[in-house]
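You will see subunit A twice below: alongside subunit B first, and alongside subunit C after that.
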Partner chain A sequence: MAVLTASERTSPAPSPPRGRWARGARRTPPLVLAFLLVPLLAESLWVFWPAFQGFYLALNKWDGVSAPEFVGLGNFAEMAHDEVFRTAAVDTVLWLVVFGGLSALLGLGAALLLQQERRGVGFYRAALFLPVVFSLVATALVWQAIYQPDGVLNRLLESVGLDSLRHAWLADQDTALYAVIVPALWRQVGYVMVLYLAGLKGIDPALYEAAKVDGAGRWQRFRHVTLPQLRSVNAVVLSVIIIDSLRSFDVVWSLTRGGPYHSSELLSTYMYSTAFQSLRLGYGSALAVVIFVLAFGVIASYLVRAFREAD
Partner chain B sequence: MTALRSSAALRRRRAATAGFHLGAGALAVLWLLPIALVVVTSLRTFDDISAHGLGSWPRSFTLGNFPKAWSDGGQQRALINSLIVTVPCVLVTLALAAMAAFALSRYEVPFRRSLLLLMLGGNLLPPQILLIPVSKLSELMGVYDTLPALIGVQIGFGVGFYVFVLYGFMRAIPVEIQQAAVVDGAGPWQIFWRIILPLSRPALAALSALSFTWIFNDLLWAITVLRSDTKMPITAALIGLQGQFVSMWNVIAAGSVIAAAPTVAVFLRFQRHFVAGLNLGAVK
Partner chain C sequence: MRYAHPSRRLFLAGLGAAGTTALLSGCVTSGSSGKSSSGGGAVTFQSNLSAPQAKAAMEDLVAAYGKEGSGRATLNTVAAETFRTQLPTYLTSANPPDVYTWYPGSVADAYARKNLLLDLGEVWTSSPDLKRYSKALTTQCTSAAGRKVFVPSTYYWWGMFYRKSHFAKWGVREPKSWDDFLDLCDKLKAKGVTPIGLGAGSNTPWVASAWFDYLNIRINGADYHRRLLAGKQRFDDPEVRKVFDRWQEALPYFDPDGTALAFQDATTALLAGRTGMMLIGTFFADAAPKGALDDIDFFRFPVIDPKVPLAEEAPTDGYFASARTGRRDGVFDLLRYLATAEAQEIYIKGSSGTVLPCHPDAEDAGTALVKKGRKHVEEAAEITQFFNRDSSDALQPTADTALTKFLAKPKSIGSILTDWQRDAEKIWKA
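Up next is the complex of A and B:
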């Protein structure tokens, strides 16, 4: 720790040796340390300490009442034979690919369509963005009404002569998962669009001019100018989508609770019901560890990026 | 010849504009349709829906569903619970995050980068790993099934992300401003309160709009640390409403409208800040 000396204080700010970093006072006053410690304490109490416990609990068998019984990796061994776990894992991957992929594609598409400042574009953007502020629970209820046997979707199919497609969308094992993805997408696309809009705004128009002069067509300009320029946004969108997918809970819980027969079960919903409804707290923690391991790569690369930026 | 060509170009441009509005308009309608549906359903009578189905054209109009959801369905109490949780959460989280970000960005605190990333990392953890220990911890502390438990966990879990965003913002404030204040004899508190905080107002506004909707819309933490129906926030109460008014879609829809109204109001009022907040956090 450097100490603020009298000469440093009075001399006209010498150009700092490490650029942006050597700024402000050089000594940390106690108040500033307190400023840092209080929030850190709050996060330690509600996040870091529970996280450690969570990892430890995953090695135990526990009903929440009697003393936890240490079983080592027994919970993980049990997963190998757990049909529901397998379904939930597959569904989670499906969710990642379908929900994640489509929200990135649709979000980028919407951003490309609505990137130009022209009359009325603000309204279209707001319309796409409005669902982002809805709670997923409210979103889910809206869509439940749409999916009802006498709901809008079936009415619509009927009116265009596709009666054969009429369905109890949420009650059918084959369609439940996809029926849940649609509302989640409806809500996510606007968010991804905003991220891409900001990215597109950051591209230097001169690049497009140059490409045009070189005779590049619309598609070539997109392929060779837009896409490479969006690389950092893509990384952000990808991280956001993966983390969001693994966390996804509200929409499934309020629409199907993972049913029917676990057909729309995600790891997150399975973890919740195992822990708080079956009261198998150890096994639930082990499932949470699986979710953490799946998210870990994203978290790590996010932190590496942040580390570089913070420098 | 030139006149001919320019009129053709004009026509082409007009066609392109019309095409754009057609496409974007269709997309907007598609996106607004579910919202319109829930609003319309909330204004229909039960008899109308049961006779003609949810998907039919409305044949009735009533405002009676709202009082029903509001008092019989407990939405009033739930909304109050939500606000009791959300407002202090937003204020305290941002205050704490601003303090930490100030310390990390304006002073050479030892291990500042590691601390910053540790705090961000805490927010990136999947909440599932925390659910069981947090519910046990709140039991241990005697706050299980109370709103303060929910407030505590929301603050603890949220603070890391806001520190990260505010750190990035505060770091960009020129060092000379702070030096001038130091020369004038200002202590850290004055620098924080009189200089850095006012200059961070755009970021704080953006983050408060964002965190309001996040905390208000949360379901998972609420059903983890709360048990009694009377203490549930509006999201959990909405699921309860569905159980209570099975297939009374008019009341459920009215409940959804009530639950969505505050965040939609915040969004419409602070739309610019809101969008700025999302970008502040992500695209740098």
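Up next is the complex of A and C:
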């Protein structure tokens, strides 16, 4: 923009266009330029700049008050020996597999069940999608009441004679992580279902007709028609799931804060507690960098492969 | 086309200027200079007292200050957890709120050492009220560098709370010694009552620290406790191990849901008689129905070693101010008012009334519970605050992890203490 402004000032009369770039730049209406540059500027100020600061902070020891002290890659070296980081990384992978895998499977299952236009199907679709509307913190509060020692779940178990299964679901290190995954799944399934429903609607019915004529059974039609046709939706769903898994924070923080004793700790909750509770903002930023690299790496590598296959 | 250029340039130039300003002010690692010593306008007063009764009492207090006529303040109440995490940001920002509710002692000193707190020496010398405050409070409000940085307002106490009617019904009495206490637990258990409620679940794991604090000050003394929390002793010392050996004796009497319930829910269990007693601060009264307050009583945490000077946890609350305030004169005036007996009585009347005023002439709520609480604190040879107040908020999560793990896996205490020391060192070195 600075270059453009300078050229306008120095050459009031329009000079003949030289080359493709000059022609293109001249033809771009100012309004379009503004629509491109203003968001870019806003994004730079409120997204890129803080992100760069985060990268810079990851190389420092900082308590949020004193001047930061440059430690190079010291924070990353510390991570190599940090048991809590290891637990959080393992839990994050577990979260990705269980939460991600189940939300994809259940979302696809729900979409297949509810794709036919039958009476009342809209109600079920809406019911499954409804949890997406609620904030995860509100969802977590409801589930907290369900998981209480004298909450709905334990009472239900009692009423059907399964007293032995009664549990402090969120306070036991063996169950906390899985107990937290359930509300996250409850919310995610409806979202994934909608993505798959859109994908299923886009499949040409003629393909199914042809498969039927060829004698394909229900499973064969699913395996050889539905799944290949959903490939592009799968890429979207996978990206959404990976991003949502790595940024999962609110539901865990509201329910367990990563506890008891780090048993439901994710990289995101560990990053938050390190940075804002223990006031180790440098180390917290280093954890944020790791999350960024993981998210970017996984998604980029998948998308590159997916697009290569598509070509 | 021509007419569009100036407006576009102007727009972009304006945006650029705004962006530069945002960049400069948003630069988290840059320092910012202080402002002039005095300015106009109402003093901004940031409060973490967000419980309904406490919030209403603070509103009464600010309104009374406005009526008094010497100045004006605007109250901004922020949820306690948000306030705690945002406090460093408030204090380091270029345009900070002026006055804050917070804690004296090591917590205030940590900010004072970084030159973030306003020197309140002038308030302490010019206020006739503050001159009459106890020596202990005066010391507590003085930073390590010898500057007055805090104005105290109220304090409260921790104790073993129970319902008088329930104890009468179960035919049990307040214990004095540790053995009496374990006997009491046995009796309650025999009656089918869970003897000890906890409330260290959900978002209040810090409640468990009260047990650690009390056992440590009863076994190793308040001085050792403070040194431990300041990083001058190690959590894997044999002295600390003794604390957990004693705790293990009481562990079978703890509510098994103690780490699953928040203290508010544990309070409900106590009031309903599902648990017999609970080590808690008087703030739990905010969650108790007004009708039950008259039936609530407490006893001193049992003495374990009579040779150890008697110490009690009695956290003080009050106010400090930002060193970067632009309204120093207004801040001084407000703080002088908050130190008066009148101001503290207004707060006590508006709140649940279970706190004690710091001003020697201010009247407390006058209930039997409060009178007993005052005596309880006055009889103590030493006063401690609470784990996070005697150490730091940053160290509290390390205690939460270690103590909830101990409650679930008491046999792993060796590795728990090693890990606690390792985690604490990271905080002390940060």
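Keep this in mind: the second predicted complex is superposed on the first by the 272 of 311 C-alpha atoms of A that agree within 3 Å, B and C clash if a C-alpha of one lies under 4 Å from a C-alpha of the other, contacts with A are read in each partner's own complex, and residues count from 1 in each chain.
By definition in this document, contacts are C-beta pairs under 8 Å (C-beta built on N, C-alpha and C of every residue); 3 or more make two chains touch, one makes a residue touch a chain.
All of these numbers come straight from a predicted model, not from anything done at the bench.
Participant: Just subunit B (first), just subunit C (second), both, or neither: which does A:Gly284 touch?
Facilitator: First partner only.
Participant: Return first, second, both or neither, reflecting whether A:Glu43 touches subunit B, subunit C, both chains, or no partner chain.
Facilitator: first
Participant: Is A:Phe276 contacted by the first partner subunit B, the second partner subunit C, both or neither?
Facilitator: In the superposition, A:Phe276 touches subunit B and subunit C alike.
Participant: Just checking: does A:Gln53 make contact with subunit B only, subunit C only, both, or neither of them? Give me first, second, both or neither.
Facilitator: It touches subunit B and subunit C both.
Participant: Looking at A:Leu156 after the superposition, I want to know if it touches subunit B, subunit C, both of them or none. Which is it: first, second, both, neither?
Facilitator: So A:Leu156 only meets subunit B here.
Participant: Classify the contacts of A:Ser268 with the two partner chains as first (subunit B alone), second (subunit C alone), both, or neither.
Facilitator: Only subunit B is touched by A:Ser268; subunit C is not.
Participant: Quick one: is A:Leu141 in contact with subunit B, with subunit C, with both, or with neither? Answer first, second, both or neither.
Facilitator: In the superposed model, A:Leu141 contacts subunit B only, not subunit C.
Participant: Have a look and say if subunit B or subunit C is in touch with more residues of subunit A.
Facilitator: After superposition, B is the partner touching more of subunit A.
Participant: Give one of first, second, both or neither to describe whether A:Glu117 is in contact with subunit B, with subunit C, with both, or with none.
Facilitator: neither
Participant: Which residues of subunit A are in contact with subunit B in one complex and with subunit C in the other?
Facilitator: Looking at subunit A, the two contact sets intersect at 1, 38, 45, 49-50, 53, 57, 64, 144, 148, 276.
Participant: Quick one: which bits of subunit C touch subunit A in the complex? Just the residue numbers, please.
Facilitator: So the residues of subunit C touching subunit A come out as 1, 4-5, 8-9, 11-12, 15-16, 19, 22-23, 26-29, 31, 85, 88-89, 91-92, 111, 114, 116, 201-203, 205, 256-257, 259-261, 265, 393-394, 396-398, 400-402, 404-405, 408, 419, 426-427, 430.
Participant: Please output the residues of subunit A touching subunit B within their complex, sorted ascending.
Facilitator: The contact residues of subunit A facing subunit B are 1-2, 9, 13, 16, 20-29, 31-33, 35-36, 38-40, 42-43, 45-51, 53-55, 57, 64, 110, 113-114, 118, 120-121, 123-124, 126-138, 141-146, 148, 150-156, 186, 190-191, 194-195, 198-199, 202, 232-233, 236, 240, 243, 246-247, 249-250, 253-254, 267-268, 271-272, 275-276, 281, 284-285, 287-289, 291-292, 295, 298-299, 302-303, 306-307, 309-311.
Participant: Mind listing the subunit B positions that touch subunit A in their complex?
Facilitator: 17, 20-21, 23-25, 27-28, 31-32, 34-35, 37-38, 41, 53-56, 96-97, 99-100, 102-104, 106-110, 113, 115-117, 119-137, 152-153, 155-157, 159-160, 163-164, 167-168, 171, 175-176, 178-179, 182-183, 187-189, 192, 213, 216-217, 219-220, 223-224, 234-236, 238-239, 242, 249, 252-253, 255-256, 259-260, 263-264, 266-267, 271, 274-275, 278-279, 282-284
Participant: Okay, in this complex, where on subunit A does subunit C touch?
Facilitator: These residues of subunit A touch subunit C: 1, 5, 8, 30, 34, 37-38, 41, 44-45, 49-50, 53, 56-57, 60-68, 83, 144, 148-149, 168, 170-173, 257, 259-262, 273, 276-280.
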